[in-house]
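Letters A, B, C, D and E mark the chains as written, and numbering starts fresh at 1 in each.
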């Protein structure tokens, strides 16, 4: 087993616009290595866009994202930052996992093949070993029986769990979760969050989780980032940020959810 | 405005299998007209499959589904039930709305066009009127500004709200919601549920809602159906069904969620 | 783009250097040199006889052939598209009969050479001297001389159109396959009939995938029309051939024809690009307004600013 | 299927009547009658001279032509596919140069008739008497007589292959467009390079959409090979023509050729169906194991049981 | 490597060399493939063999299509092209001809034809539909000579339908698409022997004879002269007469061959 070493994340003054719609208006926050950060915020506030930027799935217009010692998309040589080629960028991304809001499973591959694709093709690890690990992962999210089915044959919640397992199979040092439990029933939410929590502790992984589960944000995460309208409205320890007295915005957000 | 008249739903002994996997193992329950029924249950228990069966998007293997006076997919003539042609089946479906778990928005049409497609093409209503109504609906789910964007340009939560609005735009007598608030933040969940509740009361619509929001099930719905493993484990008033003492299954389901 | 957007905290200015693409530059240079060489050799080579080429460009026979090419291509594609949609839908139908008969159609018309089909239609009179219309077993309404009904032009239209239908059916079927099941379910769930769902939801989304190969077929048809020479019609290419078989100016006349084909192809390509943009609306919007299909993901990342 | 599945509560037995499809039955009957009529007229019509048709089926010239047709089709499609993938990727590339030069390639090779391209390659010696290999501005390594390098076969392979590349590029591009952006993002997010993502995620999903039109192209190529007669090669159709130009048995020999084409097309269609099933795995599984693509939605609903 | 050829009877710079000759062997009796084999036969085949022997050269014969013949000769891929090609002034601007025989045009109908066409009465063709192979230069003659005559006589013109080759034309004749077809005299005689359905043929007076020629690159005068010398030798020793006799074409013999006769010695 490769020993994963955790990475800190530093987002500073990131801007991103789609045509005339400025989605990220200068987002900055810091995620220490080996911690769990929850990103909360209303729908459309730019949470998914932020995660995609950290992975450089979309280019940002300005600002800087640092993961560990690296600036995402660049490489330092003699004080200057050179843009990375596709190959090198992929090497950066190998250490960053991502669970998409709409899963994006590979429909032409079985569940098991979805999981081993990354470890085998990208990391070049042996078939036997990766398949064993994948089956273990599947079992831990309650899907041992579905290994040989295709994503199209799964229910929504099952697909979501496969997506989580696919990201974990790469054993990344940083994982970006985009609402990883939205399609799960309360019982499973608990189980899956347990899996994630264990992972965070065991293998010293840094996690950024976009979520609507206030409970998760409060109980599990070391830090909460509250986004609204493309900016970070508040960030810090959960107790502080999720204090209804802090801002009317957060108050109304929380009020509803505790109903 | 067409006055909608509500319909009762009667599901009896419905079986459905995919290859060797029996997904619905004899599901029966009754939904009185003009009530809200929540369907709860763990992931993979067959909730989505059930909703699709009610709409006859998938054929069932055996059993009977009655909506109002009609058996779905059949027509009574002289004591016998004749299978419906595609045309007549569509007439049945016009009165049944559906919000899909994965939204299934029409990606080649703008948000507004997604909403008016049904009213204009299926019901043949005038452009002016339907567009006005659609804009109102969009405003009520907080998306007035997104009317002319394409689904691909929306965030997950925005897409989900469009999907809800699209189903409501048809003013159906029965609406099937498949986890309609999974992608929404707590604040919006409240708003959208309000929209749905108002609808249920105002226009006497029958609603069946697959949901993971225990709070919604408890507060809003007249009846809760708890599914597990392809059968109805319990059904009845929320207070009764969501009583942890009722069965170990329900107990473990609820325990986690109230954490 | 690389200008600082926030004046706050003007710390260390980091220098960012965009990715260089030495191979790309080498590629540009190579392509340009090759293109230049080609243009020079072609333009200056006496053996191409450019004066003859230009002289024939508006020759009445060539223009008549051009007209025939355009006319036949247009008609054949219209018939082919109509047939193709029907057959593609039949091939994905629930009814075994419809599926089998449409598969048979595709098999038969893709399987036999157009040339043979043209000869067959043209010589129908040889095989069936009279055509009879009427209800079976009753006195026929009309009986006509086959050769007078099946004019060469009709034979050409039948031969090319029926044949093209089989090819386009496959293309449209592929298009239908590319649209996810969820889309049909969504259409059905708002009460659309099968026809409405196909017409308004499935087909418009399938179009993105249907158009490029249909462009191929149209451009291919421009050239296939020369097969009608076997039934005494003369299209663009055959007109050129019939001139050079008299004058022996083979290469110049082939060039004349090629120029016209290039003109037609260019017009079609422009049309194709526009139709593609039209049907790609949703996807293009997703990729950013100025984007081209999925290319934004392949494109060099955005520029980072100083911090 | 209509048997009661639960013995509990045997209430009123309701009778369900499946949907009748009178039109479908009429259709079956019509198709069968037409097919029968056609077979009878064709088989019994003396003018088809079936004895002659059969007599030529294994004629050595016909078989040689058949071999040439198969060989050229195979080579041209292999070259075409390789080129097509490269050009399709170039057309969706971020680099303007790559996009432009690939667009130019497609425009040029789709725009000029294959016949002209074949004549051009064959007569390269007319335009460039010697071919020189070497590094520019240095002493060339080899200088050879063009006509001896460009054999007729090489000219045919170049002409057909380069041309086919342009057509297949469009088809593959359409296939790439059919795969959602999310798939590429997902591939990228697990650290795949652009090439790996294309090879393992995009292309396999695009295949479903690529295969049917590629089948068209392959079958079209079987027939297009007859153009190589212009450069002294003789394929199946040309062999038939060269026989009937001596014996004047035009229709029987066209039938002989057609039979072979039908045989080849049938083999290709079977292959196509199997490749389609292979690449449709995921989608087929979704539609139920016994399903065919999206057809389950179109199919008559399941049977309801008595309650 | 070319095999040792018989000693040349005619002196030429090509002695012992290999010359390439291109043809389209789908045109009996000029040249075509013998039934069931790859052996090319025809009166032109006999003739070019005889000439090659006189010149002491080896011929490499390539079978191709018309569209390649002329560019092939011009590009030097081929030295000679022969396919019963008729000589005219226009063509001589592109290539040179070594003329070796006359040809005339015959009118062919199927045996069951019962229309107005009668032998010797050219105007009886007026108003009928004619099929011809594309590039056959008698088509021009119909347009230039016969149709004006028809118009003068107050008759409808001949309707012309062009087909890619003789067999396709014959097929159209057979299925009643055209009333008659025109063919070179020698080809008509051959068709009479082989056609699956019996035919009638008659000659047409208003169409003059024309020269057929071997096609050679314009500037290659050495080869033109050599071929002419070889041809003259073949005529002189009687082989020429023998060949024409064998193919039943003695009436078309050209006793005084020449180069580019369409301009240097026009008929009529």
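Observations on the structure shown:
Everything that follows uses one rule, which is that a contact is a pair of C-beta atoms (placed from the backbone, for glycine too) under 8 Å apart; a residue touches a chain by one contact, two chains touch by 3 or more.
These figures come from a predicted structure and were not determined experimentally.
In summary, the chains found to touch both subunit A and subunit E are C, D. Put simply, the chain farthest from subunit B by mean CA position is E. Between the CA-based centres of subunit B and subunit E the separation comes to 83 Å, rounded to the whole angstrom. Averaging Cα coordinates per chain places subunit A and subunit C 44 Å apart. Rounded to whole angstrom units, the spacing between the C-alpha centres of subunit D and subunit E is 41. Computed from the mean C-alpha positions, the centre of subunit A lies at a distance of 30 Å from the centre of subunit B. Shared interface positions of subunit E, defined as residues touching 2 or more other chains, are 67, 71, 74-75, 168, 171, 174. Multi-chain contact residues of subunit B, defined as those touching 2 or more other chains: 18, 57, 102, 153.
Looking at subunit D, residues 115, 119, 123, 126-127, 185, 188, 194, 250-251, 283, 286-287, 297, 299-300 sit in touch with two or more other chains. Pairs of chains in mutual contact: A-B, A-C, A-D, B-C, B-D, C-D, C-E, D-E. If you check the complex, the residues on subunit C that touch subunit A are 1, 4-6, 14-19, 288-289, 296-297, 299-305, 307.
If you check the complex, the residues on subunit C that touch subunit B are 182-183, 185-194, 196, 200-201, 204-205, 279, 281-283, 285-286. Chain contact summary for the complex, subunit D toward subunit C: residues 21, 24, 27-28, 31, 41, 45, 47-48, 92-95, 97-98, 101, 107-108, 110-116, 119, 123, 126-128, 167, 170-171, 173-179, 181, 184-185, 188, 194, 208-213, 215-217, 219-220, 223, 226, 237, 250-251, 254-255, 257-258, 261-262, 264-266, 269, 280, 283, 286-287, 292-295, 297-300. The residues of subunit E lying in touch with subunit D in their complex are 22, 25-28, 32-33, 35-36, 38, 62-65, 67-68, 71-72, 74-77, 165-168, 170-171, 174, 191, 194-196.
Remark: subunit E residues 66-67, 70-71, 74-75, 90-91, 93-95, 131, 134-135, 137, 140, 161-164, 168, 171-172, 174-177 touch subunit C in the complex.
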